[in-house]
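Each of the next two complexes has chain A plus one more chain, namely chain B in the first and chain C in the second.
Showing the complex of A and B:
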């Protein structure tokens, strides 16, 4: 009988205690798994959203992200300059505003994004994309609220945030229904040509909030070239923008996850140490007898280590589906926070989380077994046998 | 003695205690020859079990020399002593110490597995030994399904698993009624008759009387020796 089979028999000898231990590890492991998903979840989710936009460099006049700051007054000529760089494929100007979309007496407040070219920061779900002036794509929320569909005409009344004077309403044709990566749940949104939006706001078509750039293949190089061209502007590749987000807004999640990871691992450690110590103390006589029969110190120590590994291994495997369910539930709760994009997630699976999870549990199995292993390693055979008879 | 299995030369065992050292075994010289049958008697606390543990290399003398199979045990590290016990010494305990989660056959297989015997070989040997102790039909029974006498017989089969030269038994009938004790005693006689040296520590005068040499201990010393 090999060491692992022997450890398994020892475990099933006291099924209730072993099941409790395994369930405890499963619960702790699930929390640990979730903390690992949380530690990088927002960053990964944000990277996914940025990638889905189709751009890999953004150019702004301020480092205030994620919301852009003051206008780039010379956005159009700047975009034209940048577009000439060999490391750049395309440049678009982006303007964001708020507006009322009205149809047949129904009015919804909507977030508008005006864009000067392609690729578009949205994905058309139904109908077609905007083809020029007078076209608009709206998201599902707006379509539902206005009962609009491709081909419908709606009225746009912009109340542009930097201008209190209400410009005259504009009639736009709904070209399609689109998905916007940064849509918030139930909030209406619309996309149109930047020039249309500037006109609706009675503002200069030269200005924009920021520029979005698609590199020719190397975002970091494109960002460096643009920064060299316009050192007065803030230029960030997606990776650099994520780096800033990690350092600022998302650092709390990492800290929380680190603390909770340490707590859960410590709990698992104590749980298994206590279980194994009690188990070993109850069979000191048997261990001493095995040693007297010629079992080596190494062998009896390995038996304890294997028991620990089995409890933590089985619990660890069970913890994965449990953790996935828990993560989905917690994610749904956290996503109820107002103003969050619907596509943003707090808990995001990544393969290396599995590796870290397994590594932490393996280390826990070894550490948890350390004390009971020490007990059996140092067990005085003769006096233990004598004490067992006396007791 | 050339055919000595184990030879103790003036061995003592002293336990350091808070109230002062306790001498459990004092200056004992004893040789166990191959195939010998020795019983050690004496009142509780006289050092019988401690002497047995030293002869079985599970405890080390505080002084004196212990030679097992021409090897000075004091020069062996823990691993070597474990190996020596595994291959050459069998132990039978008062409380049996069978592993409750294993069947009788698996309990007997265990020391063979530790010694590296192939699975098929150790299974055959286990069944052979269980038949030898009269429990061939109980191979797949767990200890909880066996009587005290049956458990001790399985423990004897386990002790014989690796064909030891020396079998040490510490109060092997201590937990058994008289009839069952006699059956176990008869089995031990048979083991000895088949060539295994046997040292039994016992309070039971009937069990002791079956030995060819009976040593009586008092205060850690061999007080009297009788041969049959």
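Showing the complex of A and C:
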């Protein structure tokens, strides 16, 4: 009988303790798996959101990521300058404001995005995209609240709080219902032409919150060219923006994940070591008998190692679906934070997390078996058998 | 004084004595400790502040002191480059040239009530009487309350999973330990001790061990508290407290750990005590 089969028989001979050990490893392994997903989850999710926008580079007044900072007063001429760079394909100006959308006496507060060109930072779900002045796309939440659909007319009252003026309400036609990547759950949102939004705010169309740039293929080159053209502005490629976010808001969850990973692995190591040690101590007579029957020292040591590997291996495999369920639960808890985009996730699967998970569990199996293996390796056969008979 | 985050050029003055001779004493400001450290600012220094990136209409101020900004978990990792000015100085600095003095806007007004318990009713009253003004209680106004609640739920969820895993391991361990004492229990039964008496003994043992484990865990947590706080405060350059072992947390831990340990011991022993004494003693 090979070592693995022998170890398997040792496990099934004591099913209660084996099942409990495996379940314990599964629970700890699930937590470990989730912490590995958490360590990079926000960054991966944010990268996905940024990529979905269709822009490579953003140009802002200050380094106040994720918020764009003060307005760019000369956004339109700056965009025209940038658009002439050979490394740049398109440039759009973006303005964000808050407003009330009103239809048939129902009013909802909405986040507005005004954009000067294409590509648009939204995906049309129903109807069509805005075609020009007077068109607006709204998200599902706004459509539900206003009971609006493509073709209906709504009134927009912007409160762009830069001065005391109250701009007159503007009537807009709902061209379509769209999904905005940075929509927060249950918050109404709308997108329209930047000039329309400026008019709704009774402000200059020259200004914008920031610029979004699509490169001709090399975002870093485009960012460098724009920075050279306008050194007074902050220019960030998506990767650079993610780097800033990693150093700032996202670092908390990475640190938490590191701490909990370390604690989880230590916990599993300690408990498996204790389980195996107690188990081996209870079977010293049996091990000595096997040695007396001709089992080599290497063979009985490998038996202990295989037992450890089986407990952790089976527990580790079970931990993956358990971890996926747990991740969904924890993600739902964390996403209750106010102001988070609905499409942002804290726990995102990546293949290398699986590799690290397997590596950590394998290392735990070997380390946890080290002490009991030592006990078995140094077991004095004759005296152990004698003690067994006397007791 | 009013906190104000600047976007702007912050320039050290040429010499304090020169300006002192040319102009009246400039108004005083406070700067955050982090900003002072980053920019090499010291109490008494003269700095120029402007409301735009080009530094137009900059004015000179004297640093009266540094302060530790209120820790904000939402801005963890950001260097708080903040300055506090007297409100009239801030309005003068940010006022549009066309705006007459005294007609400026402020973003909010803080109100201290004689009876703070009346805050909710006061806010409702203001909202009803003054359209265009939005009043709310200061507690939770920054929107951080819900973030802490969410983080607390997250940590509770992690704790629940940890407890579940620990319980399973504990059961496995106690089953093994009880099994190890099978013969002893068999002999005790043979010499006349009833199963209930042995169960009480096992329960007491479990309670002692669980209590000792819980106390050791609390001591470990108390020791780790300082280390974790110091590490994260250094890492994020903040006064935020990340871990605090409060009496409530300690009591909750003990309240979970001790009964859990005792129940696990009894549950593991129960099956053993139901067996015949002779079988337990292997006779």
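One rule holds for everything that comes next: the second predicted complex is superposed on the first by the 390 of 391 C-alpha atoms of A that agree within 3 Å, B and C clash if a C-alpha of one lies under 4 Å from a C-alpha of the other, contacts with A are read in each partner's own complex, and residues count from 1 in each chain.
Keep this in mind: contacts are C-beta pairs under 8 Å (C-beta built on N, C-alpha and C of every residue); 3 or more make two chains touch, one makes a residue touch a chain.
The shown structure was predicted, so the numbers you read here are calculated from the model rather than taken from an experiment.
Q: Between chain B and chain C, positioned on chain A by superposition, is the outcome a clash or a fit?
A: Superposition check on chain A shows chain B and chain C fit without a clash.
Q: Looking at chain A, which partner touches more of its residues: chain C or chain B?
A: Result: the larger residue contact count on chain A belongs to C.
Q: Just to be sure I read the superposition right, which of the two partners does A:386 touch: chain B = first, chain C = second, or both, or neither?
A: After superposition on chain A, A:386 lies in contact with chain B alone.
Q: In the superposed arrangement, does A:375 touch chain B (first), chain C (second), both or neither?
A: A:375 sits against neither chain B nor chain C.
Q: Who does A:299 touch here: chain B (first), chain C (second), both, or neither?
A: It touches chain B, and chain C stays clear.
Q: Output check: A:10 vs chain B and chain C. Expected answer is one of first, second, both, neither. What do you get?
A: first
Q: In the overlaid three-chain picture, which partner chain does A:362 touch, first (chain B) or second (chain C), both, or neither?
A: neither
Q: After the superposition, just quote the angle formed at chain A by chain B and chain C, using C-alpha centres and rounding to the nearest 10°.
A: For this superposition the angle at chain A equals 90 degrees.
Q: Now for A:285: first (chain B), second (chain C), both, or neither, which partner does it touch?
A: First partner only, chain B.
Q: Between chain B and chain C, report the minimum C-alpha distance in the superposition, expressed in whole angstrom.
A: In the combined three-chain model, chain B comes within 13 Å of chain C at the C-alpha level.
Q: Both chain B and chain C contact which residues of chain A?
A: In chain A, nothing is touched by chain B and also by chain C.
Q: So in the complex, the part of chain A that touches chain B is made up of which residues?
A: For chain A paired with chain B, touching residues are 1-2, 9-10, 12-13, 285-286, 289-299, 381-382, 385-386, 388-389.
Q: Going by the contact rule at the top, pick out the chain C residues touching chain A in the complex.
A: Counting only chain C, the residues touching chain A are 7, 52-53, 73-78, 105, 143, 146-147, 150, 153-154, 157-158, 161-162, 164-166, 168-169, 171-173, 175-177, 179-180, 228, 232, 235-236.
Q: What part of chain A is in contact with chain C in the complex they form?
A: So the residues of chain A touching chain C come out as 16-17, 20-21, 23-24, 27-28, 30-31, 61-62, 69-70, 164, 232, 247-249, 251-252, 255, 259-260, 267, 271, 274-275, 278-279, 281-282, 326, 329-330, 333-334, 336-339.
Q: Provide the residue numbers of chain B that touch chain A in the complex, in ascending order.
A: 49-50, 53, 56, 58-59, 78-79, 82-87, 89-91, 93-95, 97, 99-102, 106, 109-111, 113-115, 158-159, 162, 170-171, 174
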